[in-house]
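Just passing along the structure, written as structure tokens.
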Amino acid sequence: MNRIFFWTTMAGVPISLAGAILGWEPTMMFAIYAITILALASYIGRATESLSIIAGPRIGGLLNVTFGNAVELTISIFALKAGYLTIVLASLTGAVISNLLLVAGLSFFIGGLRYKRQKFNIHDARHNMGLLMFSVVVSFVFPYIFSFRLTSGEILALSIGIAIIMLLLYFSALFFRLVTHRGVYAVESEGEDDEEPEWDKRRAILILALAAVAVAFVSDQLVDTFESIAESFGWSEVFIGVILVAIIGNSAENITAIQMAVKNKVNISVEIAVGSTLQIAMFVTPLLVLLSLIFANPMLLLFTREALIAMILSVFLIIMIINDGDTNWFEGLTLLAAYIIMAIGFYFM
Amino acid sequence: MNRIFFWTTMAGVPISLAGAILGWEPTMMFAIYAITILALASYIGRATESLSIIAGPRIGGLLNVTFGNAVELTISIFALKAGYLTIVLASLTGAVISNLLLVAGLSFFIGGLRYKRQKFNIHDARHNMGLLMFSVVVSFVFPYIFSFRLTSGEILALSIGIAIIMLLLYFSALFFRLVTHRGVYAVESEGEDDEEPEWDKRRAILILALAAVAVAFVSDQLVDTFESIAESFGWSEVFIGVILVAIIGNSAENITAIQMAVKNKVNISVEIAVGSTLQIAMFVTPLLVLLSLIFANPMLLLFTREALIAMILSVFLIIMIINDGDTNWFEGLTLLAAYIIMAIGFYFM
Amino acid sequence: MNRIFFWTTMAGVPISLAGAILGWEPTMMFAIYAITILALASYIGRATESLSIIAGPRIGGLLNVTFGNAVELTISIFALKAGYLTIVLASLTGAVISNLLLVAGLSFFIGGLRYKRQKFNIHDARHNMGLLMFSVVVSFVFPYIFSFRLTSGEILALSIGIAIIMLLLYFSALFFRLVTHRGVYAVESEGEDDEEPEWDKRRAILILALAAVAVAFVSDQLVDTFESIAESFGWSEVFIGVILVAIIGNSAENITAIQMAVKNKVNISVEIAVGSTLQIAMFVTPLLVLLSLIFANPMLLLFTREALIAMILSVFLIIMIINDGDTNWFEGLTLLAAYIIMAIGFYFM
């Protein structure tokens, strides 16, 4: 697997560079950019993991948070700069939906084909459920509901206020999990601490830096192909954001989560799916709202009705599925069925 | 009880036949048709039960599924053919609401008058909760939300897509419960396997066939009285569908569920109430959507706002009530109070 | 603490009287009325507690119910009489939100600063969760959803019907907890029965009567300052109702709940926060609907969209937070963050 990512990166980055300069056919380049980003994402993931092991769990946790959704964040910033506000909000929606339904669904389904019942730490999961309810349901619904009665200036002020509160609560959550309540809710120490880092510190930082620069460049190019893609396939901007960009941005997590489920570590699959959603909802989204104030068009924390409902339904469904503390192939299939229904819906929009 | 059903059938079928041919007064005939269907439903139920015992749990499970909501399905097909799309959707709504609130409510209340606390298998219940969330909340809400932005052709395509996915997931659920995970979540084998069938195989099939034909005929007549009923009592089509037709269609399950609760087998009451709702939502509803393509007017998977909210609220309420793993009279009363509130609401529409 | 309340009452009541007669500056008087009501609320609370201990748990439970939200009820009746229907509905909304998010949030947060994990009786909490779902979600949402299709006369009839059902279910809940299922779900008897009453029976009744008369008078004056407050600060009626009046009305509960959490009796904090919400939703609200029929303008059971969503989100969030059976500082902070978001939203309205 790692060899495939190596050769994809070695081929993908120069081809992306060449294609961007020579102006090759956008549809083909969209595919090349997407595959290259996927390969680079795996490098960012592995470098972060090595650094986490070296730095210990506390700073490691912070690193994971910062770089965990680096790809989504990078794509979103370039899309924001280019004025594609609709696509940014759509891709955030897509990240939430595809983490909760596609990543978790595939993990539970494929893991469930091998194991009859896979158990996970229900305490951690419930902690995260409360945060999903807070972020996706309370924080995203509230500005939408009030938007009908407020002026756009008031909605902007409300967006900024909520974004700041979400970020503060997000860092409090890190402080809670990494400092004050570290290990309080742990079921067993799974002896993962004796892991060896893949790369040493210097090498990991170098790879992280190079991969980040490359992702930034390729993402910038990728964003420029959106319009051509929309035209040639007749897809709406919303479908591109919710489904395509989200699948590209989440592919690294997706692969890791499935691998963990197949190794019967479904605990980590749940952590990836839900934790990644929380990073998107409580960290990436409010950060983009605040960053957008620098650019010409400020981004309101205002999803469309369809996006909002899709995210809320995903949250309620995963809560119901996860509430019993174990998973099986059918629970995975239920999540996948919901994902397909949503994909069909967004396709028609 | 069985004697009452016998004589009701013996009297009801010929009177229905006579009334239909001679064109007797519709209001009176509505009552006679309703009582006759109730009696016939008990025969279908008992014949299916006998066949289930003979055929063993796997095929028995399939039979239960196929004939469990045979009455609702038959009434709905005739109403569909007659073009009463509003009543069909309303009666599906009513079946969901009355199973979750009325059937479960009466069982918990009456059972709770005799026993202080009645426990049931929380694992099965939670499995079903996930499916309720998938079917009623995700699958029904999604086309509604998207309907504002889509053309009616796109809504039809979305309806058909969702209907197919729901049916596939429904059969996967059967495969899961009857094949791959049979007994995995069972708390105890309740020694029910040594039950004697009421009728032998030939007799059961004969009774099933006769009762099915009779139900089909009487349902066809019943549907024709809807208009007169609506006029003479000043009831809306929605009220007839949501409240009246649902009570008639569910009466057999209602009686069985209460009997089980009184015998302190509240496990089976929950299974009837929730399982029957799932059959309606995941099997009957999508099947009717697909069947309607044969008739002149295709039926969209598009409930009214009021119907949708009523179903969603019922699902959330039963989830909250059932989540603690036991029942008592007050939990039953809470469900009944919610049912009465909804009935009043639909009465005014 | 009690001395502060004593001197506040001794000073507050005469100053309120003087200010009301001499027509002092409304903004200043608003503050004085608010502080006086807070002090009087503590007397009502302590007198009720003494009477409860003397009268035993059954009648004590009834007394607690009747006087527990006496202040909210009194303010609301005077506001209703003065025709401030918007403020009444807003203050009911505020009572629900601030009990669930502010009272519970502050208790969990401050209690959590001292104790790592605080456990409570999950069975009682789940019983109450079902009732929150019934009252706030089912009973409040239903008339709203139907209001688009009904005439105002029909909405009034629906409101009255729902109000009666809610009151009946509320008294059934008391009957359930105090009579048929007393102690059935108790985890341990906490030996609270050997408490000494602060005052004897005669004294408690006298104090209760005097405090009730004083609260009634000061509330009447408080309501008259709303318009001036709205004007001078540029606050909307909704903000005054949802945030200001609710904080004044709930301050007594708030202080008690925090004190209990600090004493590691978070069980009682949960009971106060959720139990008080249920009193507002299932007892005070329907009672006001019925009482309003006496006055010129009947009050419909019809919250605004924003108020309804705020209450529903609060219910879902507290359910998620409470579902795991223990609390910590971070869970408190999450509730407080949601409260601040809502306060900002209502501020802009």
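Here the chain labels run A, B and C in written order, and each chain numbers its own residues starting at 1.
Note that in this section a residue touches a chain if its C-beta (ideal position, glycine included) is under 8 Å from a C-beta of that chain, and two chains touch if they have at least 3 such contacts.
These numbers were taken from a predicted model, which means no experiment stands behind them.
To fit its Cα atoms onto chain C, chain B must turn through 120 degrees, a value rounded to the nearest 5. At the interface between chain A and chain B, under half of the residue numbers involved are used by both copies, so each side presents largely different positions. Chain geometry summary: the mean Cα position of chain A and that of chain B are 41 Å apart. Along chain C, no residue makes contact with two or more other chains. Per the touch definition, chain C reaches chain B in the complex via residues 123, 126-127, 129-131, 133-134, 137-139, 141-143, 145-146, 148-150, 154, 157-158, 161-162, 165-166, 168-169, 172-173, 176, 180-181, 184, 319. Against chain A, in their complex, chain C makes its touches with residues 116-117, 305-306, 309-310, 313, 316-317, 320-321, 323-324, 328-331, 333-334, 337-338, 340-342, 344-345, 348-349.
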